[in-house]
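In order of appearance the chains are A, B, C, D, E and F, and numbering begins at 1 in each one.
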């Protein structure tokens, strides 16, 4: 039994509120336990200079925490004058993960920026950001798709993410902050609705891990992420059907 | 009649939700119309180097907008590597205003940082931040006051703020974004519960204004801010009484 | 009686030396008591990107202090690698104030940058900068006006500025550094030759101020600024007449 | 057959030259094919502020490429004024990996900085850096261990790293630059001499990957890394025996 | 004959105004032709961290140009966020030159910062800064020497500087801006009152120069600098005698 | 006799390895005693904005040291976020020196960047960089010259550099680090194959130097640099003949 009473294979409750911001093309407030992230999607009708004229779109992400999202206040990166390594690593991860399920040719020469701002942190902020950003992105792409009459819906599959780790010898799903700081091994997994891996990032800084442990962690993550994707589908309603259409077509081919 | 149907002397609806963040010593979500700001108060048992050993406390503020708080996405200041002039001006204003009603000696050698993060903007973000930050600060100071058994409650009076401006020749209260961008004169006013001015910042970049216009604007602000302060008092409940005690004592002396 | 022997309503002696720099299109050394500021106006035949193609000009300002302008040496902002909040606030104020009296359409698609470099500081550096920068700007605009045969002289009115404050209960005009650091209330006022307000920035960080106190301060400022404007007129000679022409026309209409 | 004639499970030739720098406490030039990295270890008798007084040491890493290490010249990060996200991500990875095999208590309150400077790049610069940095670190720690008479040799196990990826459907070991840019899936693996995982970072930005593909990649990496570790042992000579002693003791317990 | 009518061996008129700043421990306005530099000396009773506890003082310099010191306005380095290479090179040169004639032991553990701010530039700003900064420094050191009762006056000799260059085949003294931009060879020389070299910096970017040309330039500089030093002596009055005392003593020994 | 057994007029052994980098258009590893510098030349078919459309080329240089090139580890300038004054001064010197022997018209509208990265330092890193960068540049220019069929070979003469200094009263050639830190006078000289000066930078921070001392130092440098140029000629092989052709033609005219 874990400190908050969960079973080893049990994730925290998830809540996804769409339409959280009146200006953004897509937005959600996602809550996974006490971790709360606002994800907004901004569509711009241009791509970065290095991609111009290729007829393809681009998806990128930015990640930040409010100073008091954490138990101790963190100095703002805007005040420090630079982004920390952790921030850069996370926003590269989010952008890369989202691009893996987007058909950039079908999107056309436009870009989508996902802003993931953590307003309260309790472990798993990067995986929560990926899961929430996917929903905000899908809403924004649905809007473009209808407004611009895109011939093909540009999202190939769903995308969810959760952390897993080894605590006192036991593989556990969806670590909260207290668990995360005690874990010997820590792994973030990003998967598609079809059950394929997009990112597997396992770290054994405190203690190297065996192949068998790795296998257990991956199995836990797999089940947990499919449940997260079910939440996304519910939040997306009819938009989920458009993604399902692409995803099934792909799996049949 | 204004574009959103308000009378010239009518402010937008206000909602103050306390305890919005589980980590901070004091926190609120304040909504003034569609402007939404998360204000958190962080208490630290130390003061900046230049104040050490004086037996006095310090109150400071930081202000930021999420990139998509606005209709068009703004680049993060952390990505630009520096704070803009507007941000610095606003956070200096918030900090200065809050200090005007705090008894820094009674607070003792500790500091309070108010983080004001705008999650959705529709005009009046700086005045909304001041009004919300006051409530978050009062909650945090009440906590310290009880935990540290302070002999005197360190807040002297309430503090509220609103904008006023001249639109098509008419003085109006609490401008929204659309009104703000059309206003010929724009003024931010910060006042205490006792009706004294803490800040008066009037700007006639588009057109200089007369003494009579200034008088009208100040009168509008005065009435509007007292209504904001009534909202603060309701949100603060019994903490409001502790402030009232100090404020009445001061006005009798 | 004030520490330097002045009456409460008495400003310090003003000296404006035009043509102080052989390269600039307009330049002055302005001295208000021991506060000395070099103001230069640079004309460039282009506007910032966000204003291109609108047929309107732009006026902007930069402000800086030499490191030893003050009693204690200040580190250069160039060495720190960023501008401080105070600097940004002041240069935004100067630019905004100057633009309020310039007809940007009549100026045409060109920009004027006012550099205000404080070589010795003794209080009132921002108000002195505004007063001096107006003169440098007028000289530069007169030069353009003649060289480019502008059909309308692009300055609508004079513009002067002074500080006022409350020291030991008394409203005083044009505070020097020593007075400024003791003042309970501090206000900077910018006014036109026609007696209208362009900026009113009053701050009661040390003690909130009443409506009556505000009225007294504004009255003091009004008289003092008109005397500053008389100095500007003398320094500008025939250029002053061109401004007067516009200003009178406006007031008659 | 691969473009350079290697089999899918064949790594490029490795050469490790120790003592490459006369100033550093430990140094190597490591060459893996045409990828060449200078790794130096610097010992300092102090730890970062956040670790003071805990009696434990610290190991950290920095990574950089000479501007013309690559086919096209890259701008220096020193000229840009900030480290890029890729650099930060890599140096965090190197430091974390090295720490996983160091007994920080046995090292004592001192720090070791590993500088990995890529002088020529042809794919796999981060894995080559880890493999080379381990050798430089071992030499430096051996030096400390003898000079300071440490009671226990502070390295628990060997540490090697290689990349694996899927190219045209086939899992391949140790990708060069040309292969890396064509790979659909790219994975960096860091392992100990005992065959445990320290880092597994797999990315399927171009195409998500199945569990079976993941298993194949891990198997390839495992064999390849043990061969890299054999090269380390040869380069380290008698120092390797000291590590083997710890590693065997640990595996028996 | 040169464009401004000077002979090849003729420097521009020099004017040194002492006491130009009421706050600084030493200050001058130095004018060499149309080049005008404000030099202030700031004394602080501490030395940089790397010099602490050695009983020796330190002298350093900073150099800057007002944006419109030049014919075309230059962007402020504070706005760019970093010092340019030219600025750094010049301030290192000024500091190094001044230290060459200061007895840092006799100065005691305190530091002197020379700020050289060019308010109008017409060639030779670095040599003018050195010549002016020497005078400001001497005044400040004289003040310390008397206030702290230093047993030995800490300046060993005078120090002057001028530029020389080859224009249309002829060696010329003290180039103005127009000449400087046409010169094939450009040399800055810093010398002591005793006629020794402190810095010789000759550059033949446009055309390499022969040994004979070098000899001619050095001879011109030598005579010109002694005349500059005579101006310094006049500006310093009785302080010059204290320096002369040290300088003569040194030359006799 | 010097600490490493050399005579006063004896330089350290020189070794120039060409083709050190497989990507660069020209590259060398140059070793002067224990000072080792990798110099690479990058050719780009464009010039900086300020030179566009003039039909002339550009040559520029960047200089850096690996953190542990020195006895004590230096913090990376990329981590500090800015280039130090010493770095900027050196890279300006290298670029200026190289340009003095390049015919920029003959080079055509393209630019060459020389990266000088010190991998081990033992005094004379800037002079070694100039000598090595010249060779890397010559190789790159020879490549362009052949590929683009340039009508004239764009290098006018050879270019070498050495340091000289006064140690314990004696003028010495090519100071190593230990000597450099004890030298009273330190001079860097850059000369052409025809024996003309390109840069003479002498500094007597510790003690001013006489004209006679200057003459001795220049004579030592002259002989030493011609020997360095002989090494360059040997490393360049047939390319040296192309330079010799231009150089002899120039000296005959």
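As a convention for this text, a residue touches a chain if its C-beta (ideal position, glycine included) is under 8 Å from a C-beta of that chain, and two chains touch if they have at least 3 such contacts.
Note that the structure is a prediction, hence the values are computed from the model and not measured.
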{"item": "Reference interface B-C: repeating pair among C-E, A-B or E-F with over half of contacts shared", "value": "E-F"}
{"item": "Averaged-CA centre spacing for the pair subunit E and subunit A, given as whole angstrom", "value": "61"}
{"item": "Subunit D and subunit E, separation of their C-alpha mean positions in angstrom", "value": "52"}
{"item": "Subunit A: positions in contact with at least two other chains", "value": "81-83"}
{"item": "Chains listed in ring sequence, where subunit E comes first and subunit F follows it", "value": "E, F, D, A, B, C"}
{"item": "Residues on subunit E engaged by subunit C in the complex (per definition of touch)", "value": "21-24, 27, 34, 38, 40, 42, 44, 62, 64, 66-71, 73, 76-83, 87, 113, 115, 117, 119-120"}
{"item": "Contact set on subunit B toward subunit C in their complex", "value": "82-86, 88-89, 91-92, 96, 99-101, 157, 187, 191-192, 194, 196-211, 214, 218"}
